[in-house]
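By written order: A, B, C and D. Residues from 1 in each chain.
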Amino acid sequence: MSDTQHNTQGDYLHNPSGLWSWVTTTDHKRIGLMYLFTILLFFFVAGISALIMRTELAHAGPDFLKAQQYNVLFTLHGALMIFLFIVPGIPATLGNFLIPLMIGAKDVAFPRLNLLSYYIYVIGAIIAVIAVIPPVETLSFLKSLGFTGPADTGWTFYAPYSLDTGAAIPWMVFAAFVLGFSSILTGLNFIVTIHKLRAPGMTWDRLPVFIWGSYATAVIQTLATPVVGITLLLVIMERLMGVGIFDAKLGGDPVLYEHMFWFYSHPVVYIMVLPAFGIVGEIIPVFSRKPLFGYKMVCYASLAIAIVGFFVWAHHMFVAGISDFSAIAFSVITFGVAVPTAVKVFNWVSTMYKGSISFTTPMLYAMGFVFLFMVAGTTGIFLATLAVDVFYHDTYFVVAHFHYTIQGGAVIGLMAGLHFWFPKITGKMYNELAGKIGWVLVFAGFNLTFIPQFILGMEGMPRRYFDYLPQFQPMHMLSTVGSFINGFGYTFALLNLFYAAMFSKVKAPANPWNSLSLEWKTASPPITENFAETPIVTEGTYNYGRPVEGLAH
Amino acid sequence: MFNFMPEQASEIASNIDWLNSLILWLSVFFTVAIVGAMVYFAVRYRRRDGVDHETPRIEGSNALEAVWTIVPTVICVFIAYYGVAFYAQMREEKANALEINVWAQKWKWDFEYASGKKTTAEFYVPVNRPVKLIMKSRDVLHSFFLPAMRVKRDVLPSAYNALYFTPIKTGVYQTFCTEYCGMEHSGMLATLHVVSQAEYDRWVNDRSEEIALSRVTPAERGEKLYNQKGCNACHKLDGSSAIAPSFVKLFGRNEQLADGTSVTVDENYLQESILHPNAKIVKGYPPNLMPAFEGQVSDDEIQALEAFIKSLTTAKQEQAAAAPADPAALAGMSPADRGKKLYNEKVCVTCHSLDGSRIVGPSFKGVYGRKQKITTGQEIVADDAYIKESILNSAAKVVEGYPPAMPAYQGQLSDAEVSDIIEFLKTVK
Amino acid sequence: MSSHSTAENYQGPPHVHHMDAPTAYSAAKLGMWLFLATEILLFGGLFAAFALFRWMYLEAFEHASQQLAWGWGALNTLVLLFSSFTAAMAVEAAQKGNNQRVFRLLAITIGCGFIFLIIKFIEYRAKYVHGIWPSSAEWNDPQFNAHYKSFFGLYFCMTGLHALHVILGMGLLAWALRKARVNRYSKEYYTPVEVGALYWHLVDLIWIYLFPLLYLVGHPSWHTPFGH
Amino acid sequence: MSHSHSDSHGQGLGHIVPASIFKKVFATLVFLTIVTVAVSLVDLGSMNIVVAMLVASCKALLVALFFMHLKYENPLTWVYAFFPILLLATLLGGVFIDNPMRHAPAPLSAPAK
């Protein structure tokens, strides 16, 4: 790495310049941007596959798809959205960009490892894309390599179906393993960064709540992903060598697959949503001009959710045939996760008390997040309650619930963060009115898509159904209309940001929102070294408003 | 007002619905309260005319934190308790439960009763008597879901799983498979009939269907299937083998395969060729012509077909097709209906689908009046004349991209029957 | 190559633009400990599967494990323990800046790694000859006891993955070894040796659990330690 | 939670463990290996696996504490050394409160027709 890479004059976007400097960069800000463009690409691919499914489901009975094609589409939608978009999602983009800036460091602990994680992610993405190409005569050589057609097992790859189907499961599962490995390395990098590279004075109780959220996320990323790694490797070994672990015909136990899969796949939902909690915790104080209410509780709640999140996985398996005792045990523990989440929401809303609230686009997304996560959290209570989950398991109620937590939570959090830190990332300002219009479309479209699905779930319609009974038809039509508005909303909002980033002439001030957080103290866009000289931190980041004596600190 | 749950048809259902609406109302209350507070704060404390007003530096309040940690915990404990209590009721092993074996298989449900009665896709239970379903899968994971009874349980290939419910209302209830199991996952349905005890006893002991089936020798049953499933369209009994090998003296014969190897025709070869025809094609016959019958024929139907093929040691004259239905009934039907009856009887169904999918021949969906290009490159319109000619002398004008596999029906269909078929084709949109 | 890093060939820690040397050292160690945590959980999944299947098919597991040559397993354990010892000694030598001693000790450690792999190869060949090899003819033959298949499936997964990690560890130690040859280490900089040794100790740790679980679970027979 | 930059304990970077300790630890490890093999040849029934695991855990602790310098590390490293063990125990616990307690029902043996 030549020394010019680290001089302190020009901003990181143009200094050093040239494609090669981007391809071989170890600057956490550039790697964050590269991740952003890659994951948004997969966000649109998976989003379009969702719209195709919704068009098919608008009317009962086969319209223009066949059952097999529908099954491939929902697997594609699930696997791409989760492994390629939302798991890297906020940690890899905003996390990469902001963690060093917010703790006053020059870069992450292992910059080269950070670049390696990105390229491992790209390799995994390429394998996944090839594995998803339908078997076409012109590419018949792929079939001999084992690419025998796109996976049709759902993103969960449940044994024994994933062991029997002729699709290219080993390749798709290997792609997920490689993406998991990239996620582990990113998590590891962030844990060491947050522990070792904090600026002088930046003690743990002065860290921004986004850093606490990113730390809790990194812990889960590092410690939960290996278990699904070995599970996916075993699926490959099972298919290629018949080692008799998950295959019932050879004495294996498919429920063991479910245990090992969900041991990762429940904590992964906290990987998705904890950074979004962090972002909302950063935005609401800034636009309420008020300190974050109960800062300590919000931070400890993040860690509590991360840790308790490891002990609750079998609430996905209440009806899978597990023993009644374990079902009862996991149901009770699952309620342990609900309480810290509620505490967080209470604290956000209390922050706005007696504030001076301005309705910028990030604030609208943050307030929208509070509503969406109230619905997500409360519908989670239905599914945690044992007797009620028996009815709701694997129905559209579950589909609506996890879309409220993932899309309503993590994606809305990402959108809020992208708008809030847009001036910091690009040094320019996005169009505020267009941002608000985008928010309205996303918010309205999202609710119109998934409120009807709650009703479908109550009516007892199972999920992953290509064809359904006529009585479910009206709600599906509503949901399809909503999904198109939702899709258009995201396109509009992201195009607005993209347009501003590329063509806007409006230079953004270093700190347009007057935030007290450390990353706003350096230039926008920041210089390659982040800070001209290492900042000395003397107080917390939420000291908004006039100190009032006699108030509990 | 918010209740969309299906009817309460089992003993546990009322408890579940009570708990469900309790959580629903708590959720609505807290969501409205918190989001309402947020909106109120947002409006009440909004920044006026672009200037931030003074705000107090309130950093937290331990009292409030305690309140909104303890209150949700108490509510959670309360809900969790009822969730566990009703689950325990739901999983209770009752003494005089009616036990039924349930077998899940890729895309159908089989039911076996203690009395030996076997049914598929529908089962009967007496009202007000506990039922215990003992379920296992023959291939992948499935899940037995009875929305009206509020019960569900996965069906594993590795172990038996039990599902308990006690129906309290007679009626017909829908059953779903809720664990993704492949292509026809959405079609793997069953219906539960809850009937009075008397009617149940009559139904369980009514074995007429099985007796009729058992009196027929497997070979006879095989012959019936041979016609019903459309094998007769290509596999002839008079020894001729234009498109497909004739069944006469087929069993035990050594066949040269397309890939050069040879195989003796035994039960395994026949079973494989019925389920996956393209696996071992005999030399000289066109591949991917015969549709795969996997999922459409059960194991015992395959055995019956094999018994029938074994019985064909001498060439037989073409049997008369199924006995013609009495003319009176036929007259009453509309031409299109008669055409549809012929479509099934003359096994056009085996090669021509109605839903647009391609099996062997062109699909009949929207065929009437469609412009087609035939193998000679000539452009034709599928009008009455073309269809009539294609039925009687099918090899005359074959549509491009399709094999000339259709047998000629010259002499097997009267003109009236042909025009009925054409009427039927007009209705297939 | 002088034994101690004297004044003229002393090389301090490498320059890293975003942190000073002590931070770099503690960051590298914390990073490796975290990576060891992920390796423990990676093998943890296999240990969980092994524990469950041993509980489900106890007799088959005990009988199947008797077909393993526990003698080779014990020998491999001693080889890895010795290599772990030499790796630890190498770290102590590096801390004192004695590059030559580091080179010799790491070379012995890597040598033990080779010996381990050779013994492993001998065991695998013995299994292959008996037809106990995934996707072999006997393996796919339905008569092959399904519960043996679970045991040997897990055996090959666990020892195979462990052998792969032995190779990775040897690569890491070779990278540290190369630096010793150019006198890179001193009191202020020996991170590669310590990080490489940490990874090697983990590989040894996992084998410490694999050996009793796979080889000794079925009362091995005293008189045929090296297989019949 | 200390956030001092370098964790030096006075002698250069990390704590130096004298070679003599390594020799003693190595000798103990070899001895324990012999013990675990010897115990496995005696049939103690279900206790065999418990003893094997205990001996293996002692060896593992020895390697971790001394060879890997864990004994001299700051508390943060201890957390990330033992948290995965706790997670592994959780996975095992979750599986073992499930499989052994399933009471699968006996299938209905339909009378031969």
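Everything that follows uses one rule, which is that contacts are C-beta pairs under 8 Å (C-beta built on N, C-alpha and C of every residue); 3 or more make two chains touch, one makes a residue touch a chain.
Bear in mind that the values here come from a model prediction, so they are computed numbers and not experimental data.
For the pairs A-B and A-D, the count of C-beta pairs in contact is higher at A-B. Among the remaining chains, B is positioned farthest from subunit D, on the basis of C-alpha centroids. Central chain assignment: A. Criterion: smallest distance from chain C-alpha mean to the mean of all protein C-alpha atoms.
Between the CA-based centres of subunit A and subunit C the separation comes to 35 Å, rounded to the whole angstrom. Inter-chain centre distance (subunit A to subunit D, centres taken as mean C-alpha positions): 34 Å. Separating the centre of subunit C from that of subunit D, both taken as means of CA atoms, is a distance of 15 Å. Residue positions 23, 26, 30, 34, 37-38, 41, 44-45, 48, 52, 56 of subunit C are each in touch with at least two other chains. With touch defined as above, residues shared between interfaces to two or more other chains in subunit D number as follows: 5, 76, 83-84, 87, 91, 95, 99-100, 102.
Residue positions 195-196, 223-224, 227, 249, 252-253, 255-256, 259-260, 321, 324 of subunit A each touch two or more of the other chains. The touch graph of the protein chains shown belongs to none of the named shapes.
Chain pairs that touch, as defined above: A-B, A-C, A-D, B-D, C-D.
Across the complex, subunit D is touched by residues 20-23, 25-26, 29-30, 33-34, 36-38, 40-41, 44-45, 47-48, 51-52, 54-56, 70, 74, 77-78, 81-82, 84-85, 87-89, 91-92, 95-96, 187-188, 190, 194, 197-198, 201, 204-205, 208-209, 211-213, 216-217, 219-220, 222 of subunit C. For subunit A in complex with subunit C, the touching residues are 6, 105-107, 109-111, 113, 184, 188-189, 191-192, 195-197, 222-227, 229-231, 233-234, 237, 240-245, 249-253, 256, 259-260, 529. Those residues of subunit B that touch subunit A in the complex are listed here as 3-6, 12, 15-16, 19-20, 23-24, 26-27, 30-31, 34-35, 37-38, 41-42, 45-47, 52-62, 64-65, 68-69, 72-73, 76-77, 79-80, 82-88, 90-91, 139-141, 143, 145, 147, 150-154, 156-159, 161, 174, 176-187, 355, 357. In the complex of the two chains, the subunit C residues touching subunit A come out as 17-19, 23, 26-27, 30-31, 34-35, 37-39, 41-46, 48-49, 52-53, 56-57, 134-135, 139-140, 146-147, 149-150, 152-154, 156-157, 161. Within the complex formed with subunit A, the subunit D residues making contact are 1, 3, 5, 76, 83-84, 87, 90-91, 94-95, 97-103.
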